[in-house]
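I've put the structures underneath this note.
In the two assemblies presented below, chain A is common to both, partnered first by chain B and then by chain C.
Showing the complex of A and B:
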């Protein structure tokens, strides 16, 4: 047993085989989280709460009656999910929420299945940024090199998984917040199709873009977790008629498009790793140029700012000092936009969908790097790649916003490391509502690139 | 044969039986449209275009090779649908469109099925009003009493059907524009679920509320027409994955809710007719009170104004005099709204859906009057009913906006006449995407109330 490096699926097998107990697994998690406290992964975790859950799970498993495959598995929760036992702050001082015995639907689903709700992870304040350097408890540190950022906004969740503190973690994704830190920390992260997974009990950033997602150490782990995420939830109207998740095995050769274009530049290093990875798949990947990416990106930003401001308006008026200066500036920007500007942005979204579905050669999976560069160093304001100089913030959402603007399911898988030893991730995108097909195709990629089965 | 009063289905049967030819039917239509020109139903129709289509249809039918059930049936088209052979003006001087050999998808479908595209009908300018008294060719007149209005915005289509000029007509509905004039003129009008019918080639009023719909003299006629309206159209992204229409026969007793509440008042006369009609169905109809209707209504208005202004912005800047003063005032209102106000309105829409699906006792059909009063007289600015005094415009959309704000399928069927002999319609609403179920239930209503089979 390799508690640090095992995937969740391996932990599930080890628990079932009695190689260790849920209690010893929880104790190891607590120990590791404390040992690596300098990574700043957690806002809070509580030994007694964790051990109490683990004892009950241990008894169930010992008596041969586990209630689900994930019974006894410690799972970390981003600090914008409501949890019955932990406070929720979204790493902001603006309006902390005391535990009120309410779990977000996904947390409730996991808890009911016996998972150990381990603690709340550090995040970019209100998820309103992709670096994870703006947080009321300070920045997260990349486990591959603490001088580098993790990306965000689900940075703490990525650290907790990548450094072997927990079996898996929950993130949320409005412009890449699951995928960005997953890629930067060398793990797997999945954003389901908009509206297939419940956001009930997750503090919103931008409700027409937000999607919750699992972060884990293997594709198999992601697939074990998705039934707890997906399907109709009467408390989240965006999930109206949403199908539950059922893993499938794909037959047939997927049609792969390798996207590029002005606004989708990447560093030579990342480009090479991605191209080599695609080669390993032995699949034909046609290069396809997207146009008008800047217009779509500005539409995504407009929707994001307007919806975020709409959600935070009361707090912004009552307690402006509760927000960090940078978050407050974003929120003020949303107040100045007109209804006509917002409608233009919403029309761009429809136009993007049209181009993805009707103007491109038919495809099963779209390929992009998840990030244009490996994780930057702390303190760097700008990044240069592909002939561009952009803010570190924009370099993080560079490709990822595209998945939220279009609502398509997106996955990041690790495919290599940079010269400095930092992880590089590949993003795979599927068609709307076809999350199962995307994951089935991703298994082919993962197998041929990483040898994972 | 009763050319004036036959339903389309009866005309179809008569054509098939050789009782008359498509050509003589077209000649009768032309004659009748000219004879009743004072009703002001048409912007334009062209004898030679009509007769040319009818001759070809006559030959097909005579040779025993009709290409569809509606081969040879004259159909009138609201003047906001693009037509290959007629200009399109939306009854405004702002930006008339010359025929460019382009049909709206629905027109193209009907034309391909052999229907005679008869002419373009009078409408409320840009569909931006529900009285049909604002039009660059003047108001439509109610065929039951020319001193009364028809309602709108598809007023000309309603007149053309109600007075037996054509077999059926096309309308569009953003706040009731199919249902209002259908009810006021004693015919059947149907608004499909938002996103199940193509709007490609229909000039928009408010794209997130607009739905096209058929207007006819029977429920059977509506069901014959719907396959030409519904299903996925690559040119209209709102129809993504939309199912085509397939009529079904309903078994089981429908659960009926009779809606009322503050903002849903109606005149005593209309209330009595509706209650008597419900009694005739012998179905149990539970009264159900809706709350917050004013908030939802204001949300509908906000969405309408913003989207209409967004669409017309360039024309408003280039050619403001092209619009009537009242339409221009509406469009100017849309410029003053903020992104945050629009988002509140969009949130209200989500909240309305939630309340309809999750907070009400389960239902199969919702019942309302289509209009709170029979068709008002021309020249009346205000209406009084149920203890309220409201503008004639607001009295027309009084119940109907609710179907667009929620996106649900809505039907109006005639159920009685007022003391003055003006028609009174009942509105039936179904669940989203369940248009077929709604129509199956409506057949039960129609049979028991009107003896229609």
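Showing the complex of A and C:
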């Protein structure tokens, strides 16, 4: 039993076996979050709120009546999810929201299942960036090396999970914001198909790209959490046809495509780790060149900026100083894009989807690195890899954004470490609506690469 | 391009660079086929239609 390194599934088993109580688990989580405060994972957590929930969970479990498998498990919540007991700030001074007895649907589902809603995690301001260095409480620090960034925008959630503060955490993903920090911090992160998981109560960045997702220390943990994410929610019309999550136990040999081409460059170090990981799977990964990626990227950026600016327009006019300088510049760019440019971007979205569905050899899973480089150092503005020199921000979303533009389900799993000991993640992308199949395939990868059962 | 008065030089540079990059990409990929309609709201039903 190792409280700080156990996966959530191991904690569930330990609670059931009476090896420790939900109360002692919560006390450990509080202690660890305080001990590692320099990582800056949390905006807020409240000892009394945590312990109160844990005491009740302990009584349920001790009397043999746990509500669900996650009863008594501490779960951290990104600070753009509304929570009844904590304020929500999106790590910005622009529009803090006081508690109003409202939980986001996913938080409500977890709370009803007995999970301990532990606290709110640090994030890139309004999720409008992928480095987690722009936040009104300061940057998060990578638990593997505090001189390096965590990636974002769900950076605090990744830190809280990777450093063993909580059993799992909630993130949101508009261009990789679950997957990026999960990869940089060596954990698992999943973005469901758009429309399968409720966005209700999650402050939007770009509503046609946003997806909530779980972050955890194992694939099994992700699968335990997904029933609380997926399915119809009358508060979110995009889920009107969403199926609940039902894990698939077995799958056949997957057809794997390894994407390459302009826009898929990566560092030699990452390329080597990913190739070695694919070799370990003993699966045939066919190379496929996907073209026009940078043009599609322009479409993604257009949709992102237009929708974000639309959401923030009133605040931008009333309280522009509330936003950081960089976030405000993003929003001002969105204000200058035209309706015709937005429609052109939507055509590009349709074109990208057609490429992925009709113009490629048949596939079950697309394989990519999650990031082209290991986590950069704090303060670095640019990154060079594979003959490219790009901003650190762009290096973080490099492979991730087109999962949001196409709506496809995506998962990152840790597959190795860099020369400096920083984690390297592999991204697996599945077909739309086939999240369960993607996870079943991912289990094969995880077993053969990491030896996870 | 008009800017509101209180934007600083760095913000103006960022905005201009963002718009230049976006517009270069959008204009390069002109799609004029009448069959190329904007993507619908993404829901599983829409994806099912893509798959058939």
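For this structure, a couple of remarks:
Going forward, the second predicted complex is superposed on the first by the 453 of 453 C-alpha atoms of A that agree within 3 Å, B and C clash if a C-alpha of one lies under 4 Å from a C-alpha of the other, contacts with A are read in each partner's own complex, and residues count from 1 in each chain.
The rule is simple: contacts are C-beta pairs under 8 Å (C-beta built on N, C-alpha and C of every residue); 3 or more make two chains touch, one makes a residue touch a chain.
In this text the structure is predicted, and so the values were computed from the model without any measurement.
Contacts of A:44 after superposition: neither chain B nor chain C is touched. When the two structures are aligned on the shared chain, A:292 is found in touch with chain C, with no touch to chain B. In the superposition on chain A, A:234 makes contact with chain B only, while chain C stays out of contact range. In the superposition on chain A, A:350 contacts both chain B and chain C.
Legend: residue contacts after superposition of the two complexes on their common chain; A:307 is shown touching chain B, with no touch to chain C.
Counting the residues of chain A touched by each of chain B and chain C gives the higher count for C. In the superposition on chain A, A:145 makes contact with neither chain B nor chain C. In the overlay built on the shared chain, the residue A:136 is in contact with neither chain B nor chain C.
Judged by the touch definition given at the top, the superposed model places A:341 against both chain B and chain C. Look at A:447: by the touch rule set out above, it reaches neither chain B nor chain C. Once both structures are placed on chain A, chain A residues 238, 240, 302, 337, 341, 343-344, 347, 350, 353-354, 357, 432-433 are touched by chain B and, in the other complex, by chain C. Those residues of chain C that touch chain A in the shared complex are 1, 3-4, 6-8, 10-11, 14-15, 18-19, 21-26, 28-31, 36-39, 41-45, 47-48, 50-51.
The touching residues of chain A, counted against chain C in their complex, run 193-196, 208, 238-243, 292, 294-299, 301-302, 305, 320, 325-326, 328-330, 332-333, 336-337, 341, 343-351, 353-354, 357, 407, 431-433. The residues of chain B lying in touch with chain A in their complex are 234, 237-238, 240-241, 302, 306-307, 309-310, 313, 334-335, 337-344, 347, 350, 353-354, 357-358, 432.
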